[in-house]
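Next come the structures, one after another.
In the two assemblies presented below, chain A is common to both, partnered first by chain B and then by chain C.
This part shows the complex of A and B:
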């Protein structure tokens, strides 16, 4: 008997297989033999490529640690470059879902990309693990197929508001961030908690996303106890240098959100970063066992200190592993797998314990860090840990969700001065 | 009061940097009749080359000159072997520069990764001038000084040398210049290389305070474009005045009307295009 499989036979075989699958025949043995497919939506070209490359390194290292096998399932990994725009994200998602038939998608990076595909993954029942921060994806427009192991935009900023008011005893603050949704959501979260604890936000500045020189904004900073910045991408590097060069740093302390002081950004920074206090959901100096292995191997394989994008994808990989285990024989059923992902609870991840609320958003530790110079290089050191922070902070979930989503003017800033 | 003074000084120093960027752009536009959409890429690539040189502990000024030299070569090659093949087809040339700019961006991303690079301000140029309670970084004043030196050098070359006379002839009327025996195509190569070199030099000068990162090319290109449209193509004086005008509009516009930052930058350009299409100091195209 010939063992040769002709193309025609092969096609017929796959068609039959597909037919079987759609008829939901009980075929666990075959399903187990097939690899579990993970699709990554990343950005490898253009201005956002920095974060995209870091994401790919994170999941790459995790799969290497696990020898490409998660909970006994062989992994097939497919990476897709969205180009950093919503249309590209949509096209690549369709390819991953319809052509590659992936079991789960990791990514995308940017909030506007996530917003472009959230309805699509819901309609096509494809589980997705995202790092993008858009609040409503796990709040007013929660999607049962999405979990987020990183943080909402405001999740860390609530903590900063609390720390600035209670521990640093600041009374008057100014905020500065890019003029887009991620900036609004961060600054509003800070403002709300800071003002609820007796502080006042007296000025809010919104430079455009593309701002070659921040001097015109920094020149307006005066008569406040602190400045909270929420810059992202390469903007914090420019901003902090100008802040120091113009002599403001010597007078007014700088506070930062997680993207503005991410550990991966430290290699682009020098003296100007020293003294900055930041909040982050991941810190490279975290003491968990998995983090120490993760940081050591990132140094070994790529020669870099990893930041949130890399750690986030490593954790996303851990969630997939735990999800496969929880779903057991149903892991190939997309809906069952999405449900399993929501139930994932991990104790040892690079960021510490991770579990999810019923909207799929992480409940995890948030770190307050201070940047110090060590051997001529800036290093973030954790000075306080807020354990088990929820996206709703200490507010009541129902009351929180009854309000509109954080925006440029919501909650209204009552204490602005001119 | 302090705010206005800081903004005024910063406007002037940003104007200096913009002049370094747009002088070459203006000459290329004037002579070759094409907006060189690679100009932002020259700025970025030059800055990256400078940063790499600085990482080998080369002196800052030497690094800036080396980068300018490298870009002279690259600019010359692009003009001689790519743009020249499309001589006379201006739309095709513009598209070629656009296409190349994407290629340069991806090559830079491969070589220098997506991380932002910000070289330290050179040791001897650190510190700030303090006037009352006001701080002003010395480095930005140095940029201004360099821009002035280069502006004078370019002016001497264009207005007082034989080469300058040929360039002016080429800008005014290339066909007639050819008829009287000026090798305009050689001028093209020369000016294109010079423009690339100036942009690269500006990139290195700007790196310590703008930093270098993917996307810098397309942040700088529109600035060069508005400077030149405002000032008039092919006119050094136009590029100079346009640069400082944009420097002031940028700083004061962003501080006073942050929501209208772009309107304030681009509205004057629209007005000039409608009311005086040749720009403030440009001559009407024949």
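This part shows the complex of A and C:
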């Protein structure tokens, strides 16, 4: 009911505006359009809630910086809690699309959520800017309505494989990660590049998502040059503590994916994190102008050091702004807006330059970082930047896509030892 | 007996309300919420057969629904038709329910509960870890909804009506079943299992059949679930999913026809609609359950009837009417 009234008021308003315009008040036509609606799929309940709350802070800060107006369009922001499960993600997406009629969806967080809604957003022609990493959404099952300014699961891990083999000269590695899609895709990406450069992955461990004690897994770690871990959520904190407490850290260096050493985790960590080398598509010590403002304001408003979840949604906001600008008068046409999003190219984001390949996945810098203790606190410092990394790494796109998607046993690990 | 008893009038009004729902609701989002309520109600009604009438509390039923969902989803993904996939899904679910029954009927009470919990977890574990078959955590996509008799179920309205038909069929069979001698014997096994044995009833067989019926409707609900979501993942078989349906039955009122439906409505509405306005919707749901258990330990539907009767009796006493000494059983 109220919706109808608003629409009627809005029609009256537009009519009045048009009348005024003819009486030579040349206001820009776009300023009178209906608000541009952004829906956020986040997780505020359950074990993944921490990242979900950081996502909301990221887009919240961006809209605050922009005074809730992007490219001259007033923004209406709607946040929906999926509860961290696929059916919840589906229902909440329906809510955003059918009830709220949003122009664009940001999120979701988890790969299994994204996989549950990718067909739906395509069928309902709703553009989506993903944080979740599920590889195939921008590969073998590419969706023209989705772009991903964060990274695929393996995008950073390819870099780690390269760095570990070429710069650190490691020969033998073990991998450990949660037993789910994000873990498989990360570890496989690392293994492929590491082995293509002469390394050997000799053991792969898969503890379940909920593991109360990592001791039995860590006890199996021996006779390798490094351990690559891809934990997510709050698991990295638990794992790194056990890794240090059991005395393995002193002997075997630890490598980490982006979720396993996210800057937002640092406040929960101490000495046990020192020395860990990680790869990430966002680093809080990035030198771009927008990053310095982003980090300073996150400290001011929320008192936290932002990590990838926060930055990912801030950058998603920047993509929306650029998309509205590119689409111009067609910004309300969902298909045209999705096409515009694919053409977005940004030079100054918290992670550095951002552009998209023809599948809608980001081509951007990936940072190798070393965790060091500064004034008693662990801090990640960038030691090497790989510029313009694609989701296909240096592999040929066609050959890459001809293979199956990265999985628990693909590519097969030929060098496993027992 | 007159043709238009208050009860029949109420049923007719409820039917009219349900059939015209898409017209007065309008927005497809809310029609979809209504569809969800209906298929969760089918699930809860199925579970109620053994929880309410059989006195056997199961924490593994989400596993049975998941088996139906996965069978159909995997067969559809392999290129089979909707009819054959759904038919196979129901058959597989019935077979699984039979195994479920044979194992779990080794015990009653807590024993039964623990075995069903374990079976539910095993099913979840298989779906989660046997990734070469089930695609593990990534789940299985269902590419489209069926079009029985040429009517596509792709839109919110048509899917709602299809779900409504199934729901009405479930309610009707439940109503008939519980008035039947078999329904009475099931209640007998709940209240006085040893006497039933002494009277010559095969208690085990009665319970076994009840679990099959319950499994059948869980499977039907599982099918509606995958067609609604067009996606299935191991999350549907988690303990939380089983507990949620059990909560629907218990909060609405066990051993009643309307109770599980009311319970399904509460949970689905809290989860989908209220969560959009209240971040801590889990807390609100918890408070509602605590209130229901405190003031209506028998469940929302029987509890409301009792409170209504008490209030009505007090009102009529004020008018000088002497109340009947024994109240008629509901």
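By definition in this document, the second predicted complex is superposed on the first by the 386 of 418 C-alpha atoms of A that agree within 3 Å, B and C clash if a C-alpha of one lies under 4 Å from a C-alpha of the other, contacts with A are read in each partner's own complex, and residues count from 1 in each chain.
The criterion applied here is as follows: contacts are C-beta pairs under 8 Å (C-beta built on N, C-alpha and C of every residue); 3 or more make two chains touch, one makes a residue touch a chain.
Computed from a prediction, not measured in an experiment: that's the story for all the values here.
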Discussion item. Clash or fit: chain B against chain C, after overlaying the two structures on chain A?
Written reply: fit
Discussion item. Per the contact definition in the header, classify A:45: touching chain B only (first), chain C only (second), both, or neither.
Written reply: both
Practice prompt. Please indicate which partner A:217 is in contact with in the superposed arrangement: first for chain B, second for chain C, both, or neither.
Written response: first
Item to complete: Kindly classify A:303 by the partners it touches after superposition: chain B alone (first), chain C alone (second), both, or neither?
Response: neither
Practice prompt. Could you tell me if A:80 is touching chain B, chain C, both of them or neither one (first, second, both, neither)?
Written response: second
Worksheet entry | Which partner reaches more residues of chain A (counting touched residues only), chain B or chain C | B
Response to the item:
With chain A overlaid, the minimum CA to CA distance between chain B and chain C in angstrom is 5
Worksheet item: Do chain B and chain C touch any of the same residues on chain A, and if so, which?
Response: 44-45
Worksheet item: Which residues of chain A touch chain B in the complex?
Response: 44-53, 205-208, 210-213, 215-217, 219-220, 222, 233-234, 237-238, 241-242, 245-247, 264-265, 267-270
Discussion item. With touch defined as at the start, can you tell me which chain C residues reach chain A in the complex?
Written reply: 27-30, 32, 36, 129, 131, 136-139, 141, 143, 156, 225, 229-231, 233, 235-236, 271-272, 275-276, 279, 281-282
Discussion item. For a test of understanding, state which residues of chain B touch chain A in their complex under the given definition.
Written reply: 2-3, 6-7, 10, 14, 105-106, 109, 113-118, 120-121, 128, 130, 135-137, 139, 208-211, 213-215, 219-220, 223, 250-255, 258-259, 261-262
Fill in: Complex contact set, residues of chain A against chain C
44-45, 80-81, 83, 85-88, 90-91, 94-95, 98-99, 111-112, 115-116, 119-120, 134, 179-181, 407-408
